[in-house]
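Structures given as structure tokens follow.
You will see two complexes here that share subunit A, one where it goes with subunit B and one where it goes with subunit C.
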Partner chain A sequence: MSSDNSFMHLVRPGVSAPAAASTAHNAQVKIHTPAMLSILEIVSKQIISSNKRIIGTLLGSRSEDGNIFEIMDVFMVPCNETGDSIAIEDQTHKTLYQLYKKSHPKQSVLGWFGSSNTIDSTTSLIHDFYSKGVDRAYPFPAIHLNVEYLNNDNQIVAPKVTTYIGAAVGKPATTAQIGWNTNVATNSYIFTPIPNQLINGTTTEKIAFNNLQQGVITNTTNLHQDLSYLSQQLEKVDSNLSELINYIDSGKSDNVDLLRLLSNTLLNRPQLLSNIEELQKLFRDHNQDVIMVEYLTKAVKDQIELSARLTAASGENKYEA
Partner chain B sequence: MSDQTSSANTITISSSVLLSLIRHTSENYPSLFSGALLGFEDDNGVIDVTHGFPFPYPDQYEGGSLKSRSGAQYQKDILENFKKLGYGIEFQGWFQSTISGNFVTSQLVEALAQQQLANANSFIIIHDMSSIGKEVSLKALRLSQGFMTAYQDGKWKSKDLEHLKLSYFNIFDELNVEVKNQALVNLYLANLKSTEPELDILNLASHQTSTGQLLESLYSQIDSFNYDQNNFNYYQRQLQKEQSKINQWKQQRKLENLERVKKGDKELDTEEWKTLFRLPNEPSRFNNMLHSHAIDVLADDILKKCDEELTKSSVIERKLTLA
Partner chain C sequence: MASVIVVDNELKDSVKEYGQIIDGIQKSTEFSQSIAPFLTSAEITNKEELLTKINAVSTSETFKKFTDKEFEANFYLFIHIASELSSRDQVLDNAESPVIKTLLEVNPSQQPSLRDRKSIKSTTVLSILTIIFNLLPESSKTRIYIIDQILNVASTSGIEFNLIQDNIGSNLISWLKKAGAQESEIRSVFWRFVTLDSKFTNESLQLIKTFTTEYQVGAEELNQLVHFALSSKIVDVSFLVNNNVAQALNQQTPVASLFKKYVHGEIVTASEVPAELPADFIVYKSKILNLAKYFADASLSPDHDAIVFKYSEIPNIQSSTEFEQLLLEAIKAGVVEGKLNQVEEVFYLSRVNRLIIAGEDNTKAWAAVRETLQQWKNSLTNINDVVKAARENIVNSGN
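Entry: the complex of A and B
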């Protein structure tokens, strides 16, 4: 994950008018974890099929001002590279996108991903494909995500993800083969790197992701949890509390916001919290309620089992009769 | 069907499929969603799930989309197009989001049974969202051999179930699910900075509605159970009535025969009651089994929630005394 600071935020160019500046800036890409992992799975094919170029479509949503791109899903699009030209199977792209759109009506095409160590004229050709046409990024600028998994010695290293926003420059002149049609293509694009970060869509997904990540390290992944997670949670609360107490005891006052939050919380606490006896009574009542629910639920569970066993037994009797 | 028994009892699923299904179901909570899981079966009896996608529309109830025309068509279209990409994959199973035991609907069971008749290795992954935001609970299920036999014969009377040793405890077999990643994905994951822990799961108050929801589901399952049980009770009363009539008749015939023996007459047939009386037909126990299973799962989950609540609440209460 790149820190935002290392990026120079240039004026973001638009796609409709080449090289025309748009006032927006600060573009950034948020990649949802499932999408990121899918990209890596698809890119893995490139390793197997000895460096045949593999590309795919990025799907997701844009923020209202068009500056924040959220990549939520991807699919592969077959392409054929011959010398300087590339044929992208646009029919496949179209069908898969329409199918995806059915179950995700609010999402659209954001751009494309690939895996290459350099940006060359083919990169521009593909980018041109994704920048134009109704079922692609148009009228918004397309983004490009590149996964680099080879180092200079052609050894596989931990994948590095870079995201770019592309802007057309120069006059559209070159004729290139894209898909089945011969199009007038803009051949030159400026690829401006923009920051990206990996995000989790929902809390549940984040919990699962943390489990998976832990699983890669420990080689076990727990999908169905019992109560053991409760003790983990309690330990976490415990350690958070001791950390806080240590901080307060240390007498430092560098984190003013935290101290302000704490003192405000203490000042605004409900009156009830000072009345230990009352509070204890409430807690005990609550515990009694929970125990009652537990008792009744157990009774239901047993009743159901009893009913099943009695029916089975009565069935046997009838057999003998 | 020639090949009745299932041969693949382990499922491996790639992280991306797992995460995207969890995202889709949790982001659309409380709407229910289902979808298809695609992959292939390897020679070692392992089902590899490599792709998955949700059905376009939310489900009215669990199992609603699995055999619907639009769902099936969508599934077919996606599979065809994925195959064009050169993926050697086939349909393997479904996923379904649910709350605790509510997934045991006749629609879901019916769809799964149909699917298992076509391919004995089909399965369904159930994502239980009763603890959404707190923990992730997934399990892969398949209808048991006993259930499938009863299903094929269409026999759901208590003596048939007794014969098959089938009860609400063993409708389903649970399958082992493992996560399997491509090497590049593992390399990537291992090199990520570990993400910050999720603090929301520590929030005690954010979870209070879920036990209530579970209890409501439990009530409605018990209502359905009772409705079905009433029919059965009616049958049992009828049966008892007829049986006592038969006993009366047998008694009378016995006396009659004694008389006749004394007189030297020929004894009358004691088995004649079989043609005179007809025992009522036992209603199917199918729904009873499904409701019982749902109630059992719900009860277990509620008990778990209660244990959790008691632990947390007691911890705080103990600490109060020290203050």
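Entry: the complex of A and C
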């Protein structure tokens, strides 16, 4: 996802979080598509009010060793920045997180996201907020996702997503610890980039997205279009095949890798595909099965409804008697 | 944006903090006292002298006393202070800098024992080297030196190769190019990196393939390539032969002719294999490939059925058990797929790797692929008709 591959990431650097895994391994961030869309939507609001900072919380899960972060959802947290200082509406964050936690008990706060061209002391302040305290990433390390979509002249450019982890710098301050709530004095971090990738959606999401692209989802979506999905896909494969055959025919085919791939996977195809009668029979049989299952399901449903009505009716009779 | 250091404190406070850390480990206040005169005014005036003092105490002996976790955080503080007192270019963009020298000296020469949970690990040194690399500008020559040192640390400390394989492998060439490395330098660093892979994995073979597509292959490099490919568990390495490698294989050396024979699916004999390579392993691999080649040729031949193979037809085998063993190995290696009927002694082939070699006449293979694609296209039209008819059937019967 990140277009900037100039950084190196081999091992997750040392972080101050107490629950961070001690075994050295590389870290990775996986972003689910809905979360990414929400992030882009939220940060794009920043431009409306003359580049006022907009931040939000990243929610999701961590792998068992704590090195793979999966961002599944996000929400915005209001903040007020005046000069060097910044006030985050802690209560809003808490309320929203607790609401989210009710429906997703296994997910937790992973870190935060924002949009900025530079990483400065404010970034470190916010990172600190998310690294410590209850209802935040503590005791695990927080991650920071930055979307750069404005250049230095405030012009909109293609969004560039970078994910960071904050390595600890200097002495880990050991102030009094009360329960989980520790106040560590230092706000110093080395923000070091870690690789991220966008997770492709499920098949259902892909179908929905394709439909969105074609602009066919309206209030009057009819079943006919849903049923023709298979035909659409077949036509798509068909056109891809034509394209490939044209490419081979064009004589420019010195692509040995392509030839190897095609030869290794295609040449022993099932014979069935060219036998239309057999194919028709199989497909019809399959459809008959589906219709049968549907019929039985309907019959069982009717039986249940009937039984419920009869019970109700006999209950009423008893009452009357 | 690469790595960014954000320290919330004033430089003076950072120096004081560093003083306390050093005092803590040396169990004396000597260092703090010696730097106190520099910190009396609002701004540090004599930065150079202060840096000399800090450098003098920040030796590998001092850092080795820290635990692993303390070491990393404290070393970052040292980097920050040194950069602020002089400049980042002098401190990091300089292979002779005391910071980099100290760091490399701290790298343990042997792995700590399991009981030892505190001493500094090589992975921590690797992590710091990574951050230094990220702090340097892309065009900096020091980046090449750092990559070299990372490979040194990886080779001496027994770090798992897969930890560095993915990230370095996919970016190494572009980093080196941006840093202005000479072609010879790029070649030597690349081959050094790849030969660290003691498991000869498929990922490394793919890296070699990408590399040789871009760069000409010399005699020594061909030697390394052949050694790597033949030692690997991957049986079908014909994908390694791109135009550059094919050109290099035209040399009349024993290694080149051995590899040529191998990728063409001919059985090699133990006497042809150089002494430093595992001969039995390679001979067995060549047998697997030879079997795959037989399947590939026979399935396309008009005199033979495309998918049904009787045991008795298979060449170069002595018994059915030998064939079954070989076949299982071939399936495990991913070069053949199919079903085996042991009772009737028949093998039904469903897929086989075909040995496509660059630089040779592949017209027939292209024609075969084209024909299959055309057949597939025709059958797709059939399927589409079937689907349409079935749908109409359902809709009509529903009404």
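One rule holds in what follows: the second predicted complex is superposed on the first by the 179 of 321 C-alpha atoms of A that agree within 3 Å, B and C clash if a C-alpha of one lies under 4 Å from a C-alpha of the other, contacts with A are read in each partner's own complex, and residues count from 1 in each chain.
To be clear about the criterion, contacts are C-beta pairs under 8 Å (C-beta built on N, C-alpha and C of every residue); 3 or more make two chains touch, one makes a residue touch a chain.
Because the structure is a prediction, the values reported are computed rather than measured.
Once the two complexes are overlaid on the shared chain, A:S263 sits against subunit C while remaining clear of subunit B. Once the two complexes are laid over each other on the shared chain, residue contacts for A:I276 go to subunit B and to subunit C alike. In the superposed model, A:D73 makes contact with subunit B only, not with subunit C.
In the superposed model, A:G133 lies in contact with neither subunit B nor subunit C. In the superposition on chain A, A:A168 makes contact with subunit C only, while subunit B stays out of contact range. In the superposed model, A:I207 lies in contact with subunit B only, and not with subunit C. Of the two partner chains, subunit C is the only one that A:P193 touches; subunit B does not reach it.
By the touch criterion defined above, A:S307 reaches subunit B but does not reach subunit C.
227, 230, 234, 237, 276, 279-280, 283-284, 287, 291 are the residues of subunit A that lie in the contact sets of both subunit B and subunit C, per the superposition on chain A.
Interface of subunit A with subunit B (complex): residues 1, 32-38, 40-41, 43-44, 47, 73, 75-76, 78, 92, 95-96, 99, 102-103, 149, 156-159, 198, 200-213, 215-217, 221, 223-225, 227, 229-230, 233-234, 236-237, 240, 276, 279-280, 283-284, 286-287, 290-291, 293-294, 297-298, 300-301, 304-305, 307-308, 311-312, 314-316, 318-319, 321. Subunit B makes touch with subunit A in their complex at residues 14-20, 22-23, 26-27, 50, 53-56, 74, 77-78, 81, 84-86, 129, 132-139, 157-159, 161-162, 167-168, 177-179, 181-195, 197-198, 200-202, 211, 215, 218, 222, 225, 229, 232, 236, 239, 243, 285, 288, 292, 295-296, 299-300, 302-304, 306-317, 320-321, 323. Residue ranges of subunit C in contact with subunit A, taken from their complex: 1-9, 14, 17-18, 20-21, 68-70, 72-74, 76-77, 80, 117, 121, 123-124, 126-128, 130-131, 133-134, 138, 150, 163-164, 166-168, 170-171, 174-175, 178, 238-239, 242, 299-300, 306-307, 349-354, 356-358, 362, 365-366, 368-370, 372-391, 393-394, 397.
Across the interface of their complex, subunit C is touched by residues 4-14, 16, 22, 24-26, 119-121, 123-125, 146, 148, 162, 167-172, 186-193, 195, 227-228, 230-231, 234-235, 237-238, 241-242, 244-245, 248-249, 253, 256-257, 259-260, 262-269, 271, 273-274, 276, 279-280, 283-284, 287, 291 of subunit A.
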